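Each of the two complexes below includes subunit A, the first together with subunit B, the second together with subunit C.
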Partner chain A sequence: MSRNIAAFLLVCIGVVMFLAIAELPLYGSPDTPVQNYVAERYIDGALSDTGALNMVASIVIDYRAYDTLIETTVLFTSIIAVFLVLKKGIN
Partner chain B sequence: MGDLINRILQNYPYIFALALFGIGTFTVLTHSNLLKKVIGINIMEGSTYLFFIAAGNIRGGVAPIKDMASQGEVIHVNPLPQALMLTGIVVSVSVTALSLALIMRLYKLYGTVDAREIHQIRNEVRASGNSN
Partner chain C sequence: MSDFVLKRVVALLLPFVQMFGLYVIFHGHLSPGGSFSGGIIVGLGMIAFSLVFGLEKGSEKLTERTTTLIESFGTLWYGAMGLVGVLRGSSFLMNKGSGVPLGEPGKLYSGGLILLITLGVGLKVASTMVTLFNALMEEED
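This part shows the complex of A and B:
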């Protein structure tokens, strides 16, 4: 019963999302709002700004270095939480 | 109507992302096995990655790596969604690790990974505690 309700609600949400797909900019075209001046700047300036041939690496390590730095904090926090949860002797 | 169907068919990667999202959400909602819920969350995250990477794609573009040997104009796909999804993968791994650790604790405590059975055991313990 609850399985049917969940399926029905998911189909309702899915239809709305399906209609939203039609309104999205065309897949693979070079003039979508995603391909704006930010991406242009990264593609053109990655080599001269950071010296990295791989643009993804230059974004992760250099342009958005603070993002990556704080991201390691997320990983660290989850590791500490896992160790606390699995610690022997609590219970 | 024909125009609508045409547009949807041309955006076919988003349909796959939508299908994956639906499958993941359905798994999370309907299964009482906690491990299967974690698998469902991971499927939902996979659909998000697919959506982002597909949104950054350009038809005929190459991977965003500078090739010194190549001559002439080369179209690179957008590197920004790929970099953002690397962050997303780290978060998803953290969430999965933490939830699996919590499920291990629950299994040690109750002897089962089924959310419904855990609820039942808790209710029985509460009822016996009230009668005493």
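This part shows the complex of A and C:
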């Protein structure tokens, strides 16, 4: 009995998921909500704002420099964790 | 591993691998790639050396003290580059707005602080790979 209820609930969730997927815009279509003024600003102004030809580098290290700063801190923290767990001779 | 062919091939390949990694780091603002991918290439060169020639020889070339220093000062270097903007009267991590000369797009010196930050992060990622590898391999004996 409980198995049937679980299967019914799973089917319901699946139907809702498929309805949500059907509402999604097509991948790469120009009228998605992602293609707003932010992307336009990056495409138009990346070269004059940062002087770097690689737009990925200009976004990662200039526009979103805080994100990359904390990302390197995450690397540092992971190394500390590895040292704490695996390294011999640290008490 | 003490295979003659393996040692010779790795010894021949390693300079090119390291050079390519440094190229990817230094041209991060010009071509695809950047600090993370270039740093991983440099780190994997060191890991290949340690794998083929043994862990002791590997840690002779790049001592644990060196990797720890690079590891610690990579993030601080990033923060110091951010303070350049503050010292020039602008906000933290500001590049163009703080008056850093941007250079001519397409040349090696362009993009202001991006090149310096990429260098620091790349070396840090390389030493992270090497440190992780050494920490995982030392546990076996």
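Keep this in mind: the second predicted complex is superposed on the first by the 72 of 91 C-alpha atoms of A that agree within 3 Å, B and C clash if a C-alpha of one lies under 4 Å from a C-alpha of the other, contacts with A are read in each partner's own complex, and residues count from 1 in each chain.
We adopt the following convention: contacts are C-beta pairs under 8 Å (C-beta built on N, C-alpha and C of every residue); 3 or more make two chains touch, one makes a residue touch a chain.
Owing to the predicted nature of the structure, the values given are computational and were not obtained by experimental measurement.
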item	value
Which of subunit B and subunit C A:Ala65 touches, first, second, both or neither	second
Subunit B versus subunit C as contact partner of A:Ala6, first or second or both or neither	first
Touching partner for A:Leu75 - first (subunit B), second (subunit C), both, neither	both
First (subunit B), second (subunit C), both or neither touched by A:Val56	both
Touched partner set for A:Val15, first subunit B, second subunit C, both or neither	neither
Which of subunit B and subunit C A:Val34 touches, first, second, both or neither	first
First (subunit B), second (subunit C), both or neither touched by A:Leu86	both
Partner chain(s) touched by A:Leu24 [first = subunit B, second = subunit C, both, neither]	first
A:Leu47 touches, of subunit B and subunit C: first, second, both or neither?	both
Set of subunit A residues, in rising order, touched by both subunit B and subunit C	47, 53-54, 56, 60, 68, 75, 78-79, 82, 86
Sites on subunit A touched by subunit C in the complex	47, 49-54, 56-58, 60-62, 65-66, 68-69, 72-73, 75-76, 78-79, 82-83, 86-88
Subunit C - residues contacting subunit A, complex	28-35, 71-72, 74-75, 78-79, 82, 93, 95-96, 102-106, 110-114, 117-118, 121, 124-125, 128, 131-132, 135-136, 138-139
Residue ranges of subunit B in contact with subunit A within the complex	4, 7-8, 10-15, 18, 21-22, 25-26, 29-30, 54-61, 64-66, 68, 75-76, 78-83, 86-87, 90-91, 93-95, 97-98, 101-102, 104-105, 108-109
Complex contact set, residues of subunit A against subunit B	2-3, 6-7, 10, 13-14, 17-19, 21-24, 26-30, 32, 34-35, 38-39, 42-43, 46-47, 53-56, 59-60, 64, 67-68, 71, 74-75, 77-79, 81-82, 85-86, 91
